[in-house]
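Note that chain A is present in both complexes that follow, paired respectively with chain B and with chain C.
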Partner chain A sequence: MKPLKILMVLFAFGLFFTGICQAHTPLFSCFDNGDGSITCEGGFSDGSSAAGVAVRVVDKDGKVLMKDKLDKFSEYTVKKPAQEFSVIFDAGEGHQIKVPGKEIF
Partner chain B sequence: MKKRIAVLVSLISLTLSAQTFAHFQLIYTPDAALENGGKIPLALVFTHPFDAGHTMDMGTPEQFFVLQTRGENPVKKMDLLDALVPISWQSLTNSGKAFKTDYTARGGDHIFCLVPDPYFEAEEDSYIQQMTKVIINVGGIPGAWMEPAGLPAEIVPLSKPYDRWTGNVFQGKVLYNGQPVPGAEIEIEHLNHEPLIARNAFASGPAVKAPQSSFELQTKFADDNGIFTFGIPKAGWWGFAALGLDEDATHKGKPCSKDAVIWIKAVDM
Partner chain C sequence: MGTDKIILALAGQPNCGKSTVFNALTGARQHVANYPGVTVEKMTGWYRYGDVRVTVVDLPGTYSLTSYSPEERVTRDFILHQAPSVVVNTMDASSLKRCLYFTFQLLEMEIPVILNLNMMDVAQNRGMTIDTEALSRGLGIPVVPTAITKGKGKTDLQAAILETAGQVLPSVPARVDYREMTSYISSLQERVTALSDLGDLYPLRWLAIKLMEGDEAVRDLVREKTKDYARLLAAVDQFRQQFRVAMDTAPDMHVANCRYQAAEGIARPCITRSKKTGKSLTDLIDTLVCHKIAGPVFMVGVLWSLYYLSIVQGYQITNYTWPLLAGFRNLVSDVLPIPGFIDVPLIRAFFLWLVDSVNALLNYIPIFFILFACIAFLEDSGYMPRMAFIMDRLFSRYGLHGQSTLPMVLGGIYVGGCAVPAVMSCKGIPDERSRLATILIIPMLNCLAKVPLYVLLINIYFAQHKGWAMFFISTISMLMVLPVSKLLTLTVLKDKEAAPFVMEMPPYHLPTVRGVLGCALERVWLFIRKITTIVVALAVVIFILLQFPGIGPERMDHYQARRDATVSSFYEEIAGTGYEADMADNSLMAMIRFWENYRNKKMRVKNPEAARAIDTEFEAANARFFSLVKPGRDRDAKQVNRALKTLIRERSQLLQEMRAERIDNSFLGYAGKALVPVSQWAGFNWRVNVALLGAFAAKESAVATLGALYEQGGANESLETRMARGEEGFTPLHALALMMFMALYPPCLATSIAVKLQSGSIKWMLFAMGYPMLLGLVVASLIFTGGSLLGLSGLQAMAAFYLLALGTTIAAGFITARQADTA
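Here is the complex of A and B:
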């Protein structure tokens, strides 16, 4: 393959992946259910599902307290930890969101 | 003298006509795009939004519900009719019967839909029924904002109604019984006096002053597919009312204007 063709293919791939990144901003929000549990909702800015995306509850040192995947409704309900914690939505590199427990109302 | 009377009658008729056309059913909440969920206030007021003028008495609505929709999840419908509390809303010229409620919103789109009780307009010996929608979003994950809500008369947004910057355009499609309405007449008003929802009243000061009455109530027509486009000149809430979508509609034996209303909010960059 000539260098020009390789460049063109690389350029096309670059455009393709840029498009994907821009079109799929991850979004993640958590709410206090008022019954000792929290529910977190994940998704993407284009409305596509986040079902199956990994979620982790970690303490202030990053130690994993609980881990699971978002359900078919892109939701995760879990008992609220007594200690300081954060919930992490992990859809891969560049698509991680951390919600501190103190910001969950 | 006869000529003077004729001119006077004509002027009164024009005035009444202008007032009639400026009726707008409002579903008001302060923000359309919220970062966090929580309790939000809603006020249902039948009024003249540009000048915060005469506010009409609302009867108990036929329907008031919300469609909760987030991502690809199924749409959930929640009836809000029983949650409405009657209030008296103070305009700059009178007070009118209205309704209020609080609603707890979580992530996604919340499509509020109102089918009001038809309002009897005595001067015209006819009824007005403005089926009204407002769509808010929490957290940014969109839902089915672009889908019809199933109202008999409705404006379906073709532009995301809660992501408009000032200067963007807003596009909508006018439907009656699910079918596009070619050439539908659309009136547009800015919510020019801030609703003070805690006081059930409009703020007395306007956001802008119109240089002439034509600017208070803008008019345009949908195209052959029922689609219209509007360039948004100022931040805030804008109401779009597609009027008289069924010429044959009646209520209690009198003509009834079946209108579709949608409100959107634009913000400055």
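Here is the complex of A and C:
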């Protein structure tokens, strides 16, 4: 039946879209506490909480140094690594933000 | 001239560049409203030419002036009752002959008409030369050639408008020769004059022709305005019958034929075609684009690009535009009354809520800009009607229209669309019933904001079958949308206007940058102007629902006691550091604000120089405070710094608990509790109810709210573990019911506003908010209660429901397709 065929085509082309899962604009920024630790704060542009979103600290080759999730205040505090590093906020594909250590003040 | 005010109506067929002419004439001086009672947009604008102010009304694009569609009736009523000083009939010069059919109907209404031959450039490219002077002589009205997208002919048009408006015409316009019907028409004219005074109100000949055609709206007009209408209409029926018998053809067919022949007779001598042989470029493109197999493939490609550019890339751009909106929020926040340790002044809470609501919508602007530009490109290029043509065969079975394709792709036919731009793009659907049906079903598609909740629930309850669960939720929305659309079409929408699928396939042409960007800018600007008022009204209502009655005095005492304990333990911590005096009384809040401001600013900088500048600025503002924010090696300062951090964290904790409690004790919270007797069938307890009701403001917050509800455990636990443990009675069946409810959940605030804008009525907005709730509850109850009774597991229930939905969709497709259209 013709409509069925078209339905199948629609579904097939829908496959392109899987994996593109994102909410509103994600926000993530970090702050140097001045005591050897940094605090990062996540969120979404509509004001929703980012509690529970995965965060990772990686070195310059992408090796994971530390991983955790944002706490109930959408925050993450961690000891500043000695080597070059970046902090990654990972709220799903297309929704990742990477903050390089040298841009944290 | 005599007048210094002119009312000008723009009329013409769709896709003739009428909107471009309207925009070129009026620029940004535009106003949009709806014609009363229908979802047809009324665009008005104005411009000044010399000393004369010209008000321009852009009538909807129609092919004819009968009464089949609301567009046609709106156009006709405007010309009849508002008596514009002049009507500019804009047409696509390359389809002159077909467009003249419409012109003749305008001329019969005996109003001053200017023929605007637009898109002359396209006609020339197709090897056509049009003798405009001969055409003007033949028709007896002024003819102005333009190529508005190329910026040509605008002044000529304005000059002609000024000259023609309200003038007695120098020559008699051409008339259609109705041949054998002519005598019937004149007899009917005499009869009308004898039996009524309609002739004083309306053009007599036009009235007679329309009555011979059997136009229902004109018959209604006769009934309304004439006492002795029964006799008059009986005479009309008699004439029609006589004509039918004498000529062996339906009177309306005869009228149409005569008009076409008249159009042909006038157009033919005016057009010369250069000797270009072979297929035109348009025909060549069409062999590919309307091909049985290549056509749909090409369409998928176009739709995918559109989706990719506007939604995916649009979101990328919001990363750069969001800081501007955030900056605006900070500005507002600075002028509002400052918050106390735990008490936030109501006025502050209210205005920040308002700014957040407006910002949430303004954040879509980059997406809209790209989207509107893409749509303008597709419209101008001429591809849009072809796409609609390909999809109409499927969609018409479900009460939708070929042109519902674009809105549905944007809304998330699979996973990850956005209902706001989708609803906004329904504007182009020419048939009112399909348009409303599309607007009403779009919110059920999988918008991006629903995805986090799906992922959350699937990770907990369907972890073993993630792929299947994701496939289920991605495709089920399509299987819900089609039957629901059919259901709506057969019930609430059954009295709405349905138009036959008539779309002309205009020749392709390359859109200009100016035309596309101009159109996109204008639509974005209109969007901004429209949303601001509505969003404020809705935000106020929801604010009240969420804020009141609020936390009772007893609980407030409890929070105040906790505040006092927190603050006094802070003072104990810093005793003997030498900083006690700096933190006394009001200074403590000043310190906290100083800290927060410093942190916020530091988070935004990207290079060491800017960071140092901020340090200098804050040190200059308050050196004592600054030494606490950046304690360095000072032992005392470090001690205070630590105590401050604890204090700030505890304050956040208190504020968060109070926020949750305020929602529980709000009208919305009460509603959640009151709904338990109903929602229990779907497996929702009152906490889930409150979270779902709160999600109306924006669906993302459902994740946050559910997180807050189940957070009693340790702070380091993830939301998933908290949820799995916090609700011990929760099973995959509960989760499935919740997911399906979320899939059918009422549109978010932003979408509701878009629905109001596009449907033009609060009633439809409320309906769009109400019926999905009911449907969602029914479906969720079916899954939960039905599944429990049958003893199905979550996965089994999922499969059963999927088959049920698939069966319903296929069955619905076979119920009588689009009745009343064949008439």
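As a working rule, the second predicted complex is superposed on the first by the 82 of 105 C-alpha atoms of A that agree within 3 Å, B and C clash if a C-alpha of one lies under 4 Å from a C-alpha of the other, contacts with A are read in each partner's own complex, and residues count from 1 in each chain.
Here, contacts are C-beta pairs under 8 Å (C-beta built on N, C-alpha and C of every residue); 3 or more make two chains touch, one makes a residue touch a chain.
The structure presented is a predicted model; accordingly, all values stated were derived computationally and were not measured.
More residues of chain A lie in touch with C than with the remaining chain of the pair chain B and chain C. In the superposition on chain A, contact of A:Asp35 is made with chain C only, not with chain B.
By the document's definition of touching, of the two partners only chain C reaches A:Gly52; chain B does not.
In the superposition on chain A, A:Phe73 makes contact with both chain B and chain C. Residues common to the contacts of chain A with chain B and with chain C across the two structures: 25, 27, 29, 31, 41, 44-49, 73, 105.
Taken in their complex, chain B has these residues touching chain A: 36-38, 70-73, 106-108, 138-143. By the touch criterion given at the top, residues 296, 300, 303-304, 307, 312, 315, 318-319, 322, 325-326, 356, 359-360, 363, 391, 393-394, 397, 412-416, 448-449, 451-452, 455, 470, 474-475, 478, 599, 602-608, 611, 629-632, 638, 641, 649, 652-653, 656, 698, 700-701, 703-704, 707-708, 711, 715-716, 718-720, 810, 813 of chain C touch chain A in their complex.
Taken in their complex, chain A has these residues touching chain B: 25, 27, 29, 31, 39, 41-50, 73-74, 105. Within the complex formed with chain C, the residues of chain A that make contact are 2-4, 6-7, 9-11, 13-18, 20-25, 27, 29-32, 34-35, 41, 44-49, 51-52, 69, 71-73, 91-92, 94, 103, 105.
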